[in-house]
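One chain, subunit A, links the two complexes that follow: it is found with subunit B in the first and with subunit C in the second.
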Partner chain A sequence: MRFSALLRKELRECLPWMLLAAIVFLALGGFFLRVEIHYRNPSWYYSRLSPGTIVESSLFTYYSILGIMGPLLLLSSIGLGLVLGIRHFWIPNFTRTWPFLLHRSVSRKTILAAKLTATMIAFVISLGPVWIGLYWYACRPEVFPIPQTPRVFIEGWIFIMLGLVTYLGTALSGLNTAKWYTTKIFGLVFAALVIFTIFPQCSLVWIFTVIAVSAAILLSRIFDTFLRREF
Partner chain B sequence: MNEIVLETEALTKYYGGTLAVDHMDLQIPRGCICGFVGRNGAGKTTAIKLMLGLLNPTAGSSRLLGCDSSALTPAIRQRIGYVTEGHRLFRWMSIGGLEKFQRSFFPKQWDDKFFVDMIEYFDLPKKKKIKHLSNGQRAQVSLALALAPNPELLIMDDPTLGLDAAIRRQFLEGMIELIMRQGRTVLFSSHILGDVERVSDRIVVIDKGVLRANCSLEQFQKAIKKAILSFADSVPGDVNIDGLLHCRRSEKQLELTLVGTDDEKISEWAKSAGAENYNIVKMNLEDQFIEFTAPANHRRLFQWEER
Partner chain C sequence: MKLKSNFKYIATPAKVFMTVLIVLVAVSILQGIILEIERTFRLSATIKPKAELTQEEKRLNRIRNSAKEFLPDGTIHLVYNLGYTPTRMGLPAREQIYDVNDDLLWEGPSDKRPFEYLSWAKQLRRYRDGFTREQMKQTQMITTEFSQNVRIPVRSDNKTEQIWRYHPGAKFFKGYNTSGEKIGYAGSTGFTDSKSKVKPFEEFRLFTAWCSQDSSNPTLLWQTQRHIYQIDFEKQQVKLIFENTEADIEIEGTSLHAWRDLKPGEKEYVDRRKYRPLLHCVTEDGKHHLLMRNPGRQLTITIPKAWQGWVNHYHRFTATKQGIFLSRTWTEFRKAPDYLQTREVLDRLLSDYQSKDKQRHVELYRLGTDGSLDLLTGYTWIVPARTGPVVRARDPRSAVQRGVAQFSSPLYDLAVRLLGRKFWLWAYSSRNMGDFFYSLARMIMDIQPYGGVINRILSALMMVFVFLHGWPRRTSWAKFAFWLVFAGLFNLAGLLTYLALNHTAVVKCPVCGRRRGLARFDCVRCRAELPAPERGKLDLILST
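Presenting the complex of A and B:
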């Protein structure tokens, strides 16, 4: 009952940003997908060109839907992670609501667990369904001329997970009371490094390992800081 | 002997090189209403946060309801009400939403009728969001939220700060509601000595992090007095009387602020100093507090309470 009250409160704080991320990703992602399907269609070009015109074949090269929407999904995910991290761990420093929240008849671990659970739910139910929907749409017959592999689908979820890593990095920086030029920046820099480390990798196992290890490091630092910090 | 519900032992807190609370030894017995007073920056908020385990002490310890403050269990927190400084609540929540949120942490002890009565008494609409409330209204919500779980110990950090006289009166009346419930203990910090005088039966004075007094309000009010001595010629150069806090001189008058000095001793000293006559002036609590905490050369330790 106490955990669910905390969870509801945290989810309610996430709600506007969840909706915004989902709407932006759905609107822009859907738009880019439609544009890609439409403009890379050779018949569309040829209907507008004089007969005999030579056209570069790269114009008709289709990419996977992640090639089209990957940057958008990554930006939405990182943006959501940043905003939720700020909402959960920075704003209470300014609104001075930490003492009211911490004087609950629950442990600090429970309070932190509620925040982390709410964020995971927020990511899964905001960007997840939109990604599944767009992938499903692209996989439908006669919609997209190249097949969408399961790897493309999994890579989309990796992008969403990178948003969670960003959230954890933002949370750690928000909780740290040191100066910016000292350890406070560590969380954000660490999250950025993880994102840059992921991109050149091809092996899914390697990518998942990097994400899992970095998330574990950030989580352990967050728990340690939150349990010991003064408010 | 009364049960001690709040206890600190050599509680000390440094912020970097700044000493905020200095070896505070405090004991608050069950069932008292304790005004915790001090000037701005005296260390009241720090002391309260240390007691509630929101800050870590540099040295010393504190215990609430028998539990160490640094390890307050959820079960102990459930027995303690806390009104934060500035009544910082979740701005996006409505009063009804906050009620629901708070109630879920006190499933057995939440007094729904009491909360509703208080909200109606303060004339607050439940649907209104916290961000749309005035400071005074937020204070009232904060008090109702803290009182409805019927806490054994209520700690309030400057709850009447920034409230106008009428709202302050209402707030204090709300607090008296709790006081009337037997065995409840209240510790509230304040700058407004009138409020302390109205509701407290005990006073704790903190000055520059140092605990200067912890006694009944009556004892405090009796102990601090001002004597005005008139002299025919000039005032004596050396004033040597027990309990002297401040000494102000004019040409033929000596104004002494004393702590814990008997009237008899004042009389004896006045005679020995050659005063024509002397007069003991009644002081209100605010004047007593100002004199007591004002910097002076003749400051002495507060010894009288040990007698």
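Presenting the complex of A and C:
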């Protein structure tokens, strides 16, 4: 009951940012997708094919029609992670509301679990349905004849997970009591390193392993810091 | 409380891992910046105008840089390209043609050349007309625009009617029409309408595509591990044109000549009235396979053992209406059989090669019907030793590179040694360029300390620093010893990690007057306890 009350409170705090991320992603993503569908004409794309010529191999490599939304999804996800991390772990330092939150008769573990659960729910229900909806729309034959590959759908979820890693990095930096120019920034730097490591990867198994290991490292450090730190 | 202690066992190693990773990346970025600056200066130093060459040096340079071409009767000509000049941009380059006695036969624009030389099968080059296994892997790379896929169109009246998408995991093509309906599958046994009937290709190696003269739809030459197929999506045909059950086909060995039905004027166009279509591939057992058409024939050639082991050794093939020819080019400098066993042996070979004058040969052979080789003609010239210093040190890198690498972790050396020959051969191969692990491997090769004595001394100095810093602050012997070893193993990154995680203020011990860390209750030197604060008049809590 206490956990659910805390969870509701955290979700209330997340709500404006969740809505903002979902609206921005839906509006801009939908617009970009419409423009892309309108302008990407396969007949024009292959008009360079002419009899008796060698075809450059680059003509056959093709980004998904949803590719136009990739940077937007990534930015929305990282942005949401940053904002929620700051909202949950940095703002209480400035508003001095940590003691108010911690004096309740719930353990610190429950408080932290409520924050993390609220964030996961926020990511899943703000960006997840929009991504599923846009993917489903792009897969309809009347929109674009070639269905999108399932891999692109999974990659979209990887981008959403990178937002969660950013959140964890921001949370760790927020909880650290060192100076910002020393080890305080390491949480965010670590999250940035994970994002840079993911990008040139080809294997989905490797990508999920990197995300899982880095999330485990950040989570263990967040729990340790939060349970030990004096507020 | 129990949860707190349990987390400590996971969170502390996680903290050390995270910090050392960040510091290692930061140190390597710094090293990379220094190396790039040095490289830029080194390059600008090498393009300084050189001293004026003598007439003889100019002649030798010209001979070395001339293309050695064969007339159909076996006569050798040396074709020297004079290049473009700013006033003649857009016009064909001028060239000089000499005979083997170095007499000038002709000079003029290359398109007016009065001789017609034998043309040779050309290797499929990456990006232009060849699509390699590495490129296929790169399509799977996750980018900000997601990954890519390979699609082959089938068009009719300038309209795309079908798209065939390759699935690297399943190793077959799946076809769609413009209504988005699945129209079939293409695999090694041909086209089919059912997924259960399609037989996948083997592991993909290479493909090239062209549109034949009577079609604007691409035909693909699709090379797998041991097979080569020709796929026509318009006619829905998969034709097996080569199969080898004994060894894999080398990726970079496949070359074509007059195989593709191109229109005159296209860059790779070859007149089929003079040449037979030829596909040349090499298998990993060293055998060369020639597939010819008009009339169709397959020939396997085993290269003589005496030809093997020379540096810069390569073969080119061509098939005219009159016969099949082989051009062999090689440098009279032997590679040790084990030259790829260790990096040191390879580096020594390179340095020996650079320091000596070498003879280079080009030879023309006619192939018999049984694959026998008949030498028709040959030519030899000198490749002079490299001018300037040849590095003969154990570590052949430049002084700045060696200096920068001294601050690296000695663990890089250990990693390279443990990963072994396959690792550095992979890292040396430029065809892996673009791969994340290739960049990582190159970075490690660039900054590894190469077992340098200075690196070990620096590591020891880091340990001394940690000792001096950690002694008054130590809280347990195990922790103290761990950080000493850690600094020794990671060098500068180890020291910085130690400082990031362990630096605390020190106070003067009121008993012995020496420094002591605030994390301990007693002085590390005199064992005196930290003094309790005295009660003050305003200390309300203690006085009640």
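Basically, the second predicted complex is superposed on the first by the 206 of 231 C-alpha atoms of A that agree within 3 Å, B and C clash if a C-alpha of one lies under 4 Å from a C-alpha of the other, contacts with A are read in each partner's own complex, and residues count from 1 in each chain.
In this section, a residue touches a chain if its C-beta (ideal position, glycine included) is under 8 Å from a C-beta of that chain, and two chains touch if they have at least 3 such contacts.
As the structure is a prediction and not an experimental result, all values here were calculated from the model.
S.K.: Hey, is it subunit B or subunit C that touches more of subunit A?
M.R.: Between subunit B and subunit C, the winner on subunit A residue contacts is C.
S.K.: Classify the contacts of A:R2 with the two partner chains as first (subunit B alone), second (subunit C alone), both, or neither.
M.R.: Only subunit B is touched by A:R2; subunit C is not.
S.K.: According to the stated criteria, A:R151 is in contact with first (subunit B), second (subunit C), both, or neither; which is it?
M.R.: Only subunit C; A:R151 stays clear of subunit B.
S.K.: Going by the contact definition given at the top, which residues of subunit A touch subunit B in one complex and subunit C in the other?
M.R.: After superposing on chain A, subunit A residues 228 contact both subunit B and subunit C.
S.K.: What residues of subunit B sit close enough to touch subunit A in their complex?
M.R.: Residues of subunit B touching subunit A: 49, 52, 54-56, 74-75, 77-78, 80, 82, 84-86, 88-93, 100-101, 104-107.
S.K.: List the residues on subunit A that touch subunit C in their complex, please.
M.R.: Within the complex, subunit A contacts subunit C at residues 42-43, 45-47, 49-58, 60-64, 66-68, 70-71, 74, 109, 140-142, 144-147, 149, 151-152, 155-156, 158, 182-183, 186, 189-190, 193, 197-203, 207, 216-218, 220-221, 223-225, 227-228.
S.K.: Give every residue of subunit C touching subunit A within the complex, in rising order.
M.R.: These residues of subunit C touch subunit A: 3-4, 7-8, 10-12, 14-15, 17-19, 21-22, 25, 127-131, 135, 137-153, 155, 158-160, 163, 165, 176-181, 207-218, 260-263, 266-268, 434-436, 439, 500-501.
S.K.: Considering the complex alone, what residue numbers of subunit A touch subunit B?
M.R.: It comes out as residues 1-2, 4-5, 8-9, 12-13, 95-100, 102-107, 228, 230-231.
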